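Two complexes come next, and they have one chain in common, subunit A, joined by subunit B in the first and subunit C in the second.
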Partner chain A sequence: MSAEALPLLQVTDLATWFHARAGVVKAVDGVSFSLKRGEVMGLVGESGSGKSITGFSIIGLLDLPGRIERGSIKLEGRELVGLPPGELRAIRGKAISMVFQDPMMTLNPMLTIGDQIGLALEAHESVSGAEKRRRSIAALAQVRIPEPDIKIDFYPHQFSGGMRQRVAIAIALLHRPRLIICDEPTTALDVSIQAEILAEMKELVAELGTALIWISHDLATVASIADHVCVMRYGKIVEAGPVLQVLTRPQHPYTQGLLDSLPSRAKPGAMLARGAGTDAAPPPRLPRQAESGRRSADLPYVVIENVAKRFQRKSGVLRLLAQKAGLAGPLPLVQAVDAVSLSIARGEALGLVGESGSGKSTLGRMVAGIYAPDSGHVLLDGERVMSEGEAPHKITTRIQTIFQDPFASLNPRMRIGDSISEGPLAHGLVGRAEAVTYVAQWLAAVGLDPAFAGRYPHQFSGGQRQRVAIARALAMQPDVVVCDEPVASLDVSIQAQIINLLIRLRQELGLTLLFISHDLSVVRHLCDRVAIMHRGRIVESGPAGEVYDNPRDDYTKRLLAAVPVLPVA
Partner chain B sequence: MSQALPTKEPLPAKEVSPTARFWAEFRESKVAVGALVVVVLMLGVAIFAPLVAPQNPYDLANLVLMDARRPPGFIGSAGYTHILGTDAQGRDLFSAILYGLRISLQMGLIAGSLAFTVGVTLGVGAAYLGGRWEAFIMRVVDLQLAFPAILLALVLSALLGQGKTQLIAALAAAQYAYFARTAHGAASAERSKDYVEAVLSTPLPAWRVVLKHIFPNCLPPLIVVATVQVASAIALEATLSFLGVGLPVTEPSLGMLISNGFQYMLSGRYWISIYPGIALIVLIVAINLVGDRIRDQVNPRLKR
Partner chain C sequence: MLGHILGRLGQALLVMLVMSALVFVGVYAIGNPIDVLIGPDVSQDIRLDTIARYGLDQPLYVQYFTFLGRILQGDFGRSFVFGMPVLDLILSRLPATLELTLAAVCGAALIGIPAGIYAGYRPDGLAAKAIMTISILGFSVPTFWIGLVLIIAFAVELQWLPAGGRGETFAVFGVEWSFLTANGLSHLLLPAANLAFFKLALMTRLARAGTREAMLSDTVKFARAAGLSEWTVLRRHVLRLIAIPLVTVFGLEFASTLAFAVVTETIFSWPGIGKLIIDSITSLDRPVMVAYLMLVSFVFIMINFLVDLAYVGLDPRLRRAGSR
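Let's look at the complex of A and B:
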């Protein structure tokens, strides 16, 4: 057989197990696939499916207690399994290289970009100093970094996230590897940066003839870059084939389920087909206080008026003295939110969309009464959310918050039942005697076993914790809920369940939502109106359908164009 | 079809409270368990000293001057063996050490708790209030940390005079700053976490946020500081008593026993100083070993 006919990479029956104290974890269990020269393969799966471990196994970066149990990995016919560490090192970075999710973790903060590229060059070649610099600059230019001859002397912290990822890609491409493995390379990046990286990666791979394994949880990004796709679950490949075929005519029920979990493929506002497990009890209602004092329904319900927030690093004593003496200027201000005015009608869901640093979370926290605005104010039904004066504090309980990270938003030292009942007890919504029943009703309403009330947050999975966090917020019987990226850190199928839960609870309780997200498809699915935020300002707002179909603002247009789309059957 | 996606997520792990997990991990270090046993044992004999000790060393009627400065193993006129010998007044040294241990531990624990309460209140309060209060409290703490604790304790006990209360005040004043700084650091980190923002958005009264949410999550590093500071309070008290500015002669702690025997060291009667010294060292090392283990456990960088 000629070398040309041989596949570049042949993985046969690969099994990588972790021998932990609690038992054997079969992270990868019998995976086989092959990759031709210059081919792009997508490896898709939810967390724990074994997709990253497959990548690590190929490049030989497994940490104990992980071990390749059986199977073979052949690169151009050469067996990699069982190769001594020295020989693996000679292959790693030269024939196969890897790009990781978080470039801040893989770049050394103490070395300049040039030094790091130089080190990577020296690992496999002996080059002179001048040659090193020339090739480093060329490498940066190749990944479209502007002014590479200046940027080469920068440190990683001087780059943005997207630029850092480009540097990581430049290093991976340095020795013209035959295979690059990218492990969630755009997950930590904003959509517009992701779109750029995807486009550049596609060009580079075509230009250099490098094969690529693109590991991701996101079907849409994989669809936009890969030729072939393998869907993994529980350490096994459940379905493989050409991207278009797998994503438009999925054969395996798991793939079908994954696709059905995506809000972008469902009718806006409808329950997601695969978000099962939300057939729960109705939420407990309490007799509302101050029902009579409500204003008429057609007036704006939540009014955000000229709200602004700046963040400034605190000046130390020395700096204050220097400022007084005119030796130093004030520290730079970060204008997080710049005079934003918005209103939400009663029962409406407003989606607040923006990329990281746009100020959307800061605005959400001001609406929720966690941060006091520097100027302007937020009114709910004509009442102020925060008190006025020197030290403003929140004075209403009618706005509650659900946070992004359910691992951080629950007190780790408090039983979840106490977390849920604490607020209602403190505000006299329920008495001590009824608290236990009330908590049980809420747990049932969010689809959890009421018997879990005595457990601690660490005993729950991410989706379950998010249900607890939802119960805690809603147990305060709010009229308005600020949701700050409530599904961003969840797997697709769990995300679908939480979205369905939110849709159901919103209907049953008649909630008004401020839904903050970077994910345009989730917002379109859940929200009636959207507001697009960019650099602390609202650049465009209107009914969801209108903004998505006919964006008027340039930034909105760019943002919408950057979202990767799934092929439609 | 229905089994294609997990309709239910995996059931929660077996119910283990954070405390139970902590002990399960603590038990993995044999050295730490041994040290803990020693600490508990010494606490036990100190509390029950009147029952364990063969003699009440403070009851002058029990002392026989003829038995003074006898070596370990000497059978005294009362008929029992002085296993660690006797001191200059004919006291049974073993009994004196037990009673001394009692006073030393008492001083260390009371001064430690006082320093803990004051320091943690200041530190957590500063972190929660922020702004000018935070700056003021923490600069005072920084200023104090610039001086060695022993110097401060010496000056204070010289100013306040001798006595248990005065010494406790001096020790606590010298040590609260360590608690304040640790508490401030931990509380500042906790304050910006999502779960604190969640209860701020409920909203809950400030005292509840601080006591129920911020404080319990600051405890791990504070427990470490507390164990180390109790040990260092005991050492500090022993130093002051050795120098004669600590406790009055009527309350002989370990430090004073060492001091009393010091003059006989060169005449070969080593035991009067050495045995109380050994007791002091064992106690301090054991407490520190327990503290080290807790520190390793609460440090996420050392977690497997």
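Let's look at the complex of A and C:
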């Protein structure tokens, strides 16, 4: 067979196992696929499916105790499994290269971009200093970094996330490899940056004839770049085929389930197919005195009025003295939230959408009474959420927060039962005698076994931990819940379960939600109204359907256009 | 950047001032040097005269300001015991301690950091385990005991190296250095090795911990994926990533060894400032003690300052805030 007729990459029955003390983890277990020159293949799966390990196996970068147990990986007919380390190294970066998820972590913060590109160049060629610089600049220009001759002397922290990922891609493209493996390359980026990188990557790959393995948990990005897709689960490929076919006519129940978990494919507000859960009712809530003492019936339920927040770096004593003496200017201020006014009706869910740095979390924290606004105020039911005066603090328990990362927000040294009952006990919502039953009822209500109350946070999976965090917030019997990216770090099927849980609890408890997210499809699914935030301001707000279908603001239009969409059957 | 340096210098001056007050009060509140300086059988006139000559009849705060004023003119007073200016006395002993300390700390870094990086790179290898075992010894065995063992082994039994003293020196710009002669070097070797042992263990462990962490980082994975050789990855990426804690410890160890090499200097009869300070404490030689303590705090402040500058040199992320 001639070299041209051979597939570029032929993976046959690949098995990569991790021999840990607790037993063998079969991360990849019998994976086969082939890739032609210039072809783009998507490798899709949830966390732990073995998709990244497949990528690392191909490029020969398995961390111990991982080992390729059997199978073969052939690059243009040459067997890569069992090659000595030196020969594998000669292939890495030259014939196969790789781009990782978080460009902040992959580039060395201590070295200039030019140094790092230079090191990658020298790895396979001997080049003079001037030549190295010239080619590094050309590499940056190729990935559309403006002013590459200046930017080459920058350090990674001087770039934005998207620019950093472009630098990583430039390094990966340096030696014109025949195959690039991209491991979740756009997951850490904002949608608009993701759209740019996706478009540029598609162009570059077509231009250079490079084949691409695009590893992602996100079906929509894969759909927008790949020709073929393999769906992985538990170390095996459960379904493979052309993208359109797999995503519109999935054959395997797992693929169908994955697609059904996506809020973008369901009717807004409906339960997602994959998120079946328990239906235990939450414990009855105490009657509130505050309900009767409402000050004004004319005011909306939650009023956010002219709220603003600036952040400033702390300056030292000497700097203060220097400022007083006029020797140094004040440190730059960051206007996180700039005079925002919003209102939420009782029982309504308001979605707050924006990219990173838009100020959406800061606004959410001011609503929840975590940050005191510099000016303006937040009213719930006509009452202030925070006290007035020099050192404002939260004076209501009627607003609670669910954070993005329950691992960070739950005390790791506290049993989750104690985490849940701590607040209600302190505020007299429940007596010490009934606390255990109360916690058990809440655990059942969020779909967890009440027996888990004695466990610690690390003993739970990500989805279970988020359920605990929800139980903890709701056990305070709030009227308003601020959800700050509560499903952002979860796999799609787990995300669907949490979304269903939120929909159900919201109905049962008559909650008012402020739902903060960067994910437009989740917001559309859960929220009645939506507010789009950009650089500290609300650029557009209105009923969700209206904003999504007829955006008026330019930024909203760009944001919506940037979201990759799944092909529809 | 310049503002940052000026700010740090201002802080340093403030610390020195506080230190001078603490040292002065602390030292002058203990004992009566007159009892040491003159015999109990001298006449009252001579006694009063001596007290007045050293300014000891003045109130404490007057003595302090006189002392401060003299220091600002570079005059730390005269040693009660040696009768010579304290500054000259200390400066004559400083080079000996300086070269001993430099040899010990640099030796520890040059051996310890590569050993630690290797142990972190191949943590399960036999060599790594041997390195780590030796480093535990370096932590747990007392310095004076190692010093004695070194003398017994290399000076008494094998007779390869001298047991003590400084040996021949060679003058450069009027300062005597022993590392420039073969005889001086042979005298330097044992005490330097003795001092280096603990630091070696510290550097090894730090470098190992940093390397183990860095090897698992995405930075190293990405560098390997680009085809960089293991040697380049270690030399260009890992070394830079682990440098900050190493520089910190290098600075701290250098300063503390310079100030407190007393035990080793005593065992090896090394004529450095460690021995000088022990002698002056026993004879209640106040000016020497005060000047020595001031010098020590100055050295600590300067080294911390240099370490801070090194941070800025090493980590570009720290440059941003200061340069604007």
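FYI, the second predicted complex is superposed on the first by the 555 of 569 C-alpha atoms of A that agree within 3 Å, B and C clash if a C-alpha of one lies under 4 Å from a C-alpha of the other, contacts with A are read in each partner's own complex, and residues count from 1 in each chain.
Just so it is clear, contacts are C-beta pairs under 8 Å (C-beta built on N, C-alpha and C of every residue); 3 or more make two chains touch, one makes a residue touch a chain.
Because the structure is a prediction, the values reported are computed rather than measured.
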Identify whether subunit B and subunit C fit side by side or clash on subunit A in the overlaid structures.
fit
After the superposition on A, what does A:L61 contact: first (subunit B), second (subunit C), both or neither?
second
Identify the partner contact of A:N108: answer first if only subunit B is touched, second if only subunit C is, both if each is, neither if none is.
second
Please work out whether A:P412 is in contact with subunit B alone, subunit C alone, both, or neither, and reply first, second, both or neither.
first
After lining up the shared chain so the two structures overlap, which partner does A:I370 touch, if you call subunit B first and subunit C second: first, second, both or neither?
first
Touching A:V231 in the superposition: subunit B (first), subunit C (second), both, neither?
neither
For the overlaid structures, how many degrees, to the nearest 10, lie between subunit B and subunit C at the C-alpha centre of subunit A?
30
Which partner chains sit in contact with A:A426 here, subunit B, subunit C, both or neither? Use first/second/both/neither.
first
Using the touch definition from the top, say if A:L247 reaches subunit B (first), subunit C (second), both or neither.
neither
Overlay on chain A, subunit C to subunit B nearest C-alpha distance, Å:
6
Touch list for subunit B against partner subunit A, complex:
1, 3-10, 12-18, 135, 193-195, 197-205, 208, 212-213, 216-217
Residue ranges of subunit A touching subunit C (in the complex, touch as defined):
59, 61, 63, 89-94, 97-98, 100-102, 105-112, 115, 119-120, 122-124, 155, 157-158, 168, 171-172, 174-175, 313, 316, 318-319, 322, 327-328
Subunit B-facing residues of subunit A, complex:
252-254, 256-258, 261, 274, 276-277, 317, 365, 368-370, 393-395, 397, 399-401, 403-405, 408-414, 422-423, 426-427, 452, 454-456, 458-461, 463-464, 469, 472-473, 476, 482, 493-494
For subunit C, which residues are in contact with subunit A within the complex?
3, 7, 10-11, 216-219, 221-230, 232, 236-237, 240-241, 243, 314-317, 320-321
